[in-house]
Amino acid sequence: MKRFQVSFMPALVVLAIVALAFAGVALVSSTAQAQKTAYKIGAIFDVTGPASPLGTPEQETVKMLVKQINAKGGIDGHPIEVIYYDNGSDEAKSVMAMKKLIEADKVVAIIGPSQTGTTLACAETVQAAKVPMISCAAGNAINEPVKPWIFKTAQSDVHAVKKVLDYCKTKRLTRIAIITVANAFGDSGKKQIEVQAPGSRISVVARESFGSNDTDMKAQLMRIRQSNAQAVICWGTNPGPAIIAKNMKELGIRLPLLMSHGIANRKFIELAGPAAEGVIFPAGKLLVADTLPTNDPQKRVLQAYASDFKKAYGKEADTFGGHAYDALMLVCRALDKVGSDKTKLRAELEKTKGFVGISGVFSFSTKDHNGLDEDAFAMVVIKNGDWARLK
Amino acid sequence: MTRFRPSLTMISAVVGILLVTIVPCFVKNSYALVPLTFIAIFTIVVIGLNLLMGYAGQVSLGHAAFFAIGAYTSGILTTQYGFSPWLAMPAGMVLAGLVAFLVGMPCLRLHGHYLAMATLGFGMIIYILLMQWPDFTPMPFERLGALLHIPASLVWPTTGGASGLVDIPELAVGPFVFHENIQKFYLTWAFAILALLLCANIVNSRVGRALRAVHGSEAAAATLGVNIAAYKIQVFVLSAVLAALAGSLYAHVVNFVSPPTFNFIRSVDFVVMVVIGGMASIWGAVLGAGTIVLLGNWLQDVGAKYPRFAEFDLIIHSAILILVMIFMPAGIVCTVRDAVLRWLRGRTAAPTQTAPAHVEEVATK
Amino acid sequence: MTEPVYARKRIMGNLPDILQLLFTGLAVGSIYAIIAVGFTVIFSSTQVVNFAQGEFVMIGALVSYWLVGAEHGPHLPLLLALPLAVLTAMFVGSALGWVLMRPLKDASVTTLIIITVGASMLMHGIASMLWGKDPVSVTAFSKTSGYSLYLPAALTGPDAYPVYIGTQELWVMGLAALIVLLLTFFFNKTMVGKAMRAVSVNRHGARLIGINVSRMVVGAFALSAAIGAIAGAAIAPISMASYGMGTMLGLKGFAAAIVGGLGNFPGSVIAGLLLGIMENFSATYISSQYKDAFAFIILLVVLVISPNGIVALFRRRRARA
């Protein structure tokens, strides 16, 4: 013990880092730039941490759009400036970022966060500060009951579940087994299925769950095999559903496999490989934009977004980015009409009717702050390693 | 020497209270008080954990679970049973204490680091339980509800599963509600300072001396008649109770709780805070919690300007942790204090020590 | 009317189910066992509980993915990629061992544990920058993905399900068995292995008889990392690979190491296998919702009844009898 000596150089380095951290808070927060005519919009996305696959494309989309909008001369002559904060998928950090946006950066509206949890953690703050916020998360708890200042653009699980159950109903699949991932997404899907199934005269005969990092789901699937289910509904995000698709093939379970919009990306097909064939799921229309009929109002918007995103980042656009697209465009639309008064902005947002976005055609009302219905989804089947629209 | 110690605590306390009172005057925007509020909340957890790690020589890798017990007890009792937050708070603390006793009992009787392993397992179990809590009432409880003629929801509380609990009320005294940033700031710091004083007193009391003896040499302490296991359990229970208090404050400040806040990473974060502040230094808890929260806050600000930077968050966190642990295993506070003492006494002074008892002797000689 | 027939079929038909659960349980259990052995190797030579063990698994999986299948990777054949992935992990492992050298001399065990936690976070962060945050699929070792094994109808009744024997699962089990054999040989027969054991028994004594303790410690970390990386490369085709995959596997492997009695080599192998099997059975016959909690509940129970692990428990029983 006594032999131990503190070497000073490394100690000093560490101290310097800590001191910098303290100083940085004062420095950075005091240098919030002010461009006089610019509209300031705040953005909080879950860019790092477990929800980063959601937050990353959202932030990229907003960046791309801001460039586009300002290149076209901004909104009514005002350029827009977006201030981005990353909340590390953490709820406490979301609250900190939210307060900064409202009180330090004095933004007129906020888009994000990306997850239901991080959104709900900010809800009280936003309501009290009376700043309109458009979340990119899907959870129903966000606007049930409706919170006047909070909107959301992601299609609700209610509609995804309805679409899936409708499909089951038309195919006369009345006994279903569900297998859901143990996180907020899977939990919400499970609850919605339980709520809506009786209305469609469908009974849930098996309920299974898997961890987001589980390596093998055969045990759960064997339980489903023992039940007399006619179809399996899996509600989760990568990589779990891909493992389930593989395991089902391996176990020789030939039941129809339905999934959620959580797998509406190329990654799923890549991960599941041939096992992905025949999987049916509801997806935002972005996935099948090219095959939509020409009279579909969304077709043009979807194709433009998809090609712009591909050009800007060299990868395919996904539905999460689409939620951020809608959020920013809704705010810009309202700004264009009523300017930067927050109360008017909120009222204008609530009056939005027939806005054609990526996630669907939005029509808000005092009772509905999501503004979408199940038509926002198309049922998609995976065929030959690609998506095909059903019907 | 014994007369000097309480006064040292008193001085620190007075300085602390003064600092806390003044700080808001220097803060132009009240948003800056938000990270400071979180610092207060985490400080309360870190003090308890600090006692456990620094004095009882045990690590807990599941303290987020006790934090969760406090937060969820508050959330459930206030939103589903109409309890006053002031009643829910002690309820959570008692529950956490009981659970800690049950978990700690078997492990702390043994020599070695079994507590670290047990708490790790315990933390994972609580997290999974919160995630997977059934949203329907299990059959026996439904029967019980029917038997007592009360709704089943009263017999079987819900945690909201992975989606969490919303609309947790704010703390209030009569008509006065702790709602504004500054009100929450004072509220949490009042609790934090009380916790600091409590623990400073414990450290300086007979219990504290016994603990230090245990940390110095368990065998020697045992020969002197110190019941090592009993002391360790007491400290562990105390740290759990403090974590629950902090959890309850968190629930009433953020008004929302969900499982990801209480995962394994959070438990590790608490340990990191203790380590940075310095094990066996009560006041270091503030610095430890402060460094991590402000560092996170600072990275967020820098990330707002240089988005690629956000990716480095985890790397910077862990690099600091490793460097601190290798080069100043006694933590920043102790290392700096020792360096200052050494400087004061010239280069001939006694070398540094992880156990503070010796340092204090040097200081008071 | 059909009820009794159905019931009979259920009972007899359970045989393929049980075999299936046993098989997949053994595969997952082999991974837990390998990781637990990794914990054991480091713990017995340094008394350090290495919380970065799971990250070695992740490194093995992601490096072999990058070398074999990644779009912009070098597309090496598996036979070359696997040793390279193991070497990378060994390099990282020895770096960690080297970093720990200095604190090992006089810091408390707590400090050492925390450093490994920090190292785990660091690897996590770096991996997420190098490979991104999305999971990736990894090419299996063999072309054939598996065989469906039909049991004789006389045993199971008509139209029973087959038992699926995955080739990759066989690889996992085979590699696990190979590792256990090699390690047993290494620790009992080779000079270096014996020296490592000597260090674990008495560090100062080992130094006195001329063993280079530092080299042994770094060696233990490198060895443990290699073991972890093999586990990672083997499980990745089944589970997919991502920067976060190591955490849960590491914690489960850790639970196995404790259940087997920390530092007990055969104990951790047995505990790992048992944990995998029990977890699988509990998911089917109890509830899949609490499946992940199961390993940790066993961990707590074992700590309460027999803190030195299940093997010690049996040994004690035998001694008493």
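Each chain carries a letter (A, B and C) given by its place in the written order, and its residues are counted from 1.
Assume a residue touches a chain if its C-beta (ideal position, glycine included) is under 8 Å from a C-beta of that chain, and two chains touch if they have at least 3 such contacts.
From a predicted model like this one, the values you see are computed outputs, not experimental measurements.
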Next on the checklist: Building nodes from the protein chains and edges from chain pairs that touch, which of line, ring, star, complete or other describes the result?
Outcome noted: complete
Checklist entry - Is the number of contacting C-beta pairs greater for B-C or for A-B? => result A-B
Checklist entry - Using CA atom averages as chain centres, what separation in Å is found between subunit A and subunit C? => result 34
Item to check | Length of the line joining the C-alpha centres of subunit A and subunit B, rounded to whole Å | outcome: 33
Next on the checklist: Which positions in subunit A are in touch with at least two other chains?
Outcome noted: 1, 3-4, 50, 182, 209
Next on the checklist: Counting only residues that touch at least two other chains, what does the list for subunit C look like?
Outcome noted: 107, 128, 247, 289, 292
Checklist entry - In subunit B, what residues contact two or more other chains? => result 128, 132, 311, 313-314, 326, 329, 354
Checklist entry - Any idea which subunit B residues touch subunit A in the complex? => result 29-32, 34-35, 38, 128, 131-132, 135, 161-164, 166, 179, 181, 250, 254-256, 258, 260-261, 291, 294-298, 300-305, 307, 310-311, 313-314, 316, 320, 323-324, 326-329, 332, 335-336, 338-339, 351-354
Checklist entry - Mind pulling up the subunit B residues that touch subunit C in the complex? => result 53, 57-59, 103, 106-107, 110, 112-114, 116-118, 120-122, 124-125, 128-129, 132, 264, 268, 271-272, 275, 279, 311-315, 317-319, 321-322, 325-326, 329, 354
Checklist outcome for this item: The residues of subunit C that touch subunit A in their complex are 10, 17, 20-21, 24-25, 27-28, 31, 105-107, 128, 133-137, 145-146, 148, 161-162, 164, 166, 235, 238-240, 242, 244-245, 247-249, 279-281, 283-284, 288-289, 291-292
Checklist entry - In the complex formed with subunit B, which residues of subunit C make contact? => result 49, 99, 102-103, 107-111, 113-115, 117-122, 124-126, 128-129, 247, 251, 254-255, 258, 262, 289-290, 292-293, 296-297, 299-300, 303-304, 307
Item to check | Residue ranges of subunit A in contact with subunit C within the complex | outcome: 1, 3-4, 50, 52-53, 56, 182, 208-211, 213-216, 218-220, 222-223, 225-226, 238-239, 242-243, 250-252, 267, 270-273
